[in-house]
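For clarity, chains are labelled A, B, C and D in written order, and residue numbers in each chain start from 1.
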């Protein structure tokens, strides 16, 4: 049996005396779009921070493509092909769009900490950055400092950076937060486009987006997965409706 | 390299200027000042690899500058005495750079684990420790007297003795151009880009596969290399290295140069080094209040011009590139604003000079001269005039700045609108 | 044993003096996250002002008025200088205070000239309160100790137990929420900074007559004050106290016992009469480097524990 | 192209600066004074400038030298930085100066000696002579001696010799404690004291010998004072200056340490300002070439002191500055030219009637030989120290004069002479 793209085994995390993640078991299959939903304070952001190595776990294991990445530093995890976007835009504000995108791919293309290559002259960098800027619709703004972009362009850049690292497992944190309807539609189209050959994990509040995109949905409530399954099954699950959508919806 | 090629005109012009300068300013004092500028340009650019490009504020970068200076002085003395194998004097800056690197690697490792305020404090701690060591490790540092040396050491290839200052000038100039080119090239490498990224957003950097510690450490080490190169040239220029070269004062000076010149542009530190070194050599003989003016200028740039003086100029670059005619409506508000600033400064400087004179004068004579006008500092008139001019200037500034800012904003709006199309 | 106790006692006296110097700095940092490089300059300003005031109306009015003036100057600096810089981040704030230190020092020299000021211990407390080991301890030194302890107690209660203290600490991490609750965060910051500077001024009034009121005092005192708060852990009041006492005691023990570093080198087989670079190291004794020991401690502690002894958070 | 424009701008500014320098009159004999004229210790440098200006004015008032040429002192600020000293030397070369004076900071003095050794060798006909007014490192007239350097102050060893001689005469001294700054000057003081105490004060017991970290790093002197108390010392011999001296003295008075202090720099205005009240309580002695309350000062010196305090509102105490200018003027007149080499030749062996007797520039090592006086700080004297119009309410009273024979020490100088 081939390994899952991402697997969480009895993951626990406490801050002081409060346990935020209380034994999460989750297996995400390769090539799928997997959404994690749950009410505010359920621990979704904490879960992401544990997976990406930002916080040390209290107990449990995290496997990326079968390899143990528990308590590895974020950059080690990123190098193994896991990349994430952020809910609050998290870009390099004083660098241009092109530089933002290029930075994200340097490690993957093997440049490491090189101080003997010129980034402007490398064809592999140029090709991939062109491709990604085109994919995300940022080509015309390549030389604009990222801090001066409009909000939706910054969200697009957020995804562009996440993609550029060449990761095959991508964690998106509320990719459509704060967007208008038409912007959201563009974003959904973009996500669908990038999901080719990649495993996507999405945390999202917009249920329309979730049920539109996701092939599998897991519901996180109070630090535990209460249900996992295809969208139709989740929609029908009364326990989920009660715990998550509220008793009157049930 | 494309950027380099595009800008080759500038580099050629720089070479030409460097070649011609000593023919225009041939006095020994002028050459010494130029030599110091060359040394300080390298040091400032090295410092800006930390501050402007890597986002690390150091109060102790002179440690690498000074240690390299001491080492090179010892090497020169060793060559002179025949106890060390001959190294061409022209290559000693490389030796200095390696010494800088040698110390930069371990110290950088422990101090770059944190950025921001903690990094600044660690750098201060190392600077103080090193200053203390200069007085304790007498054999190496020779206490407060420092190490004397003679750059006229060893064989004389092609008749180059480095005795006359002009030869040292060309040595410093050559290394200065090389180092500038190298540091400029570094900004275009993966390392250079990641260094900017760690300054902008260290958190995100980790998620694209880079260790913030490693990036900062590398920046620190390379910066120490160039600081060491500058220190070596300093030792060759002055033929003496003293304990003040490793101290917080020297680090503060380079911080002032970089920040006032502008940490955000590559040209900024060069600009700052040239201007501050020039003022330091010339203004300090004219007014005792020069350090006060320097401090005030620094604070003003921190408050109002994060990009330093070069930033103020470069913020007009996009207008220039779009359409020069956009400057036309800006001329009047700018002239008024700049004029008002000059008036206010003239008044304020007059007041400060009067206070300084009264505070430091040693005779009963209260006659002095202000802007070449003989005045009696004990009478009320010069004080009233200066205060009046300062107040007038301040009021004029208050009125002139808003239209000035508005005219700039208008021009930039036009530029942005054009770019969007 | 008596030598030890005596050194300990002197170390505590000195340590409490250091704590007093550092208290305003640690207050400003814990409340605002700003490292005030100009702290020692405000201390200097306090000492000079106290000298000037005491020359006319005596020590006691100076004790009250000088810190007030320094506090108001500090608040004004925050209002018109630091506040516009706040948006550029803590490094820019640090740069601003670095420049400020430079300017204050020049201005002080401009006003008071460049020779030391004869600022003296008030005659009313200039008598020996007690003697130990043949040394007199003036009433003024006890007064200094009392004031330092009082500052610690007041700050501790202020930060940990009062509503304002809690609001200010909350303002550091969540300024938007605090201002949404109806508190004027910029104004709170302004008075915090002013209060921290006033503490520096108070330390200047009390310490200026012992340490000497002279143009280089800010330069010589600045670094050691930073060492205290960095070793203690930035922003930790307890840390500052413990670090100050630790430094004071280490300094006194190092001088009293004057141990040689030679045995350390002997382990590696270094001869006592070695020449060259080792010669200086072999001849070192603790007394000969006592005042710079804190800098070595600083580097050591930052390597082992970058947050300092009691530091709770990163910067 | 910004760089080019910038360079042109700088070029213009430099040209103006250089042109204004060379426009100065050539008639006067110009003498460069390289001292800190800005920064925290500028007070010392600007005071020296005042002193030399006054001394030069006196010579000029008499009609100058060589039948009417005037002496002109030009202040060159080194801001107490080594590279600026070099820079100012280059400026002096550009200006065609033949004489530079300096004295604050032995490190700077050494820079000047080394610079001139090289410069004078490389540029014959443009020699510069260095007149050292206060840099006291003994080595400058021993192993580091140079033909181009003349020292008008007593060196460390001579000052220590005077102090030790007075200590041997002082019946109150039984147990002595040495405390010095741990750097070149402090260590040479320590070494000289150890040597001379053994030779001249055999009945004095040395109960402590301590070096401290210099330059104001010691904030609290209590542990040192405790050690001195514990050692039972009745006298402290120290070369300290600045905060290292006045904090020490303040702390000692505050702790009731009843010891007597024998010092070199205990009586200069910045020290006395630093003591505050403690200055009136401490039993402190200094060694100098003169002080105001000394009996039998020559008439012309008394007149000189009067004119100085009238013009500058400060007490005249560094009489060596007067000899320096007077001897230079006399040497120029004797040589019949202002060229440095013949003038230097005339300076060698020249004598001058000093405040305590004849002083003589020893030809072997260019070290002035002079009597010195040890005096006590007290308010019980007719003339108090005045500095910039401020009366400290305190002055000096002679303990004893140490004759020239007793301050004269052998030299190891092997001088290279030009030509």
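Following the convention adopted for this analysis, a residue touches a chain if its C-beta (ideal position, glycine included) is under 8 Å from a C-beta of that chain, and two chains touch if they have at least 3 such contacts.
The model shown is predicted, which means the values in this text are computed figures rather than measured ones.
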Topological distance between chain A and chain D, in contact steps: 2
Centre-most chain, if every chain is reduced to its averaged C-alpha atoms: B
Approximate Å spacing (C-alpha centroids) for the pair chain A, chain C: 47
Distance between chain centroids, defined by C-alpha means - chain C, chain D (Å): 35
Inter-chain centre distance, chain B versus chain C - centres from mean C-alpha coordinates, in Å: 31
For chain A paired with chain B, centre-to-centre distance based on mean C-alpha positions, whole Å: 43
Multi-chain contact sites of chain B, meaning residues that touch two or more partners: 132, 136, 291, 360
Shared interface positions of chain D, touching two or more other chains: 42, 182, 213, 215, 217, 388
For chain C, residues that touch 2 or more chains besides their own: 113-114, 288-289, 292
Graph class of chain-chain contacts, one of line, ring, star, complete, other: other
Full enumeration of touching chain pairs: A-B, B-C, B-D, C-D
Residues of chain A defined as touching chain B within the complex: 52-53, 73-75, 78-79, 83-84, 86, 90-95, 99, 102-108, 111-121, 144, 161, 164-165
For the chain C and chain D complex, residues of the former touching the latter: 6-7, 10, 13-14, 17-18, 105, 109, 113-121, 126, 128, 131, 133-138, 140-141, 209-212, 214-217, 219-221, 224, 248, 251-252, 255-256, 287-292
Chain C contact footprint on chain B (complex, rising order): 55, 57, 59, 110-111, 113-114, 116-118, 120-122, 124-126, 128-129, 132, 136-140, 248, 252, 255, 259, 289, 291-292, 294-296, 298-299, 302-304, 306, 352, 355-356, 359-360
Chain D-facing residues of chain B, complex: 9-10, 13-14, 17, 21, 24-25, 27-33, 36, 132, 135-136, 142-146, 148, 150, 152, 163-165, 234, 237-242, 244-245, 267, 270-271, 274-275, 278, 281-282, 284-285, 288, 290-291, 313, 360, 362-364
Sites on chain D touched by chain B in the complex: 1-4, 6-7, 10-11, 13-15, 17-18, 21, 37-39, 42, 46-47, 50, 76-77, 79-84, 86-87, 90-91, 93-94, 105-107, 110-111, 114-115, 118, 122, 137, 182-185, 187, 213-215, 217, 311-314, 388
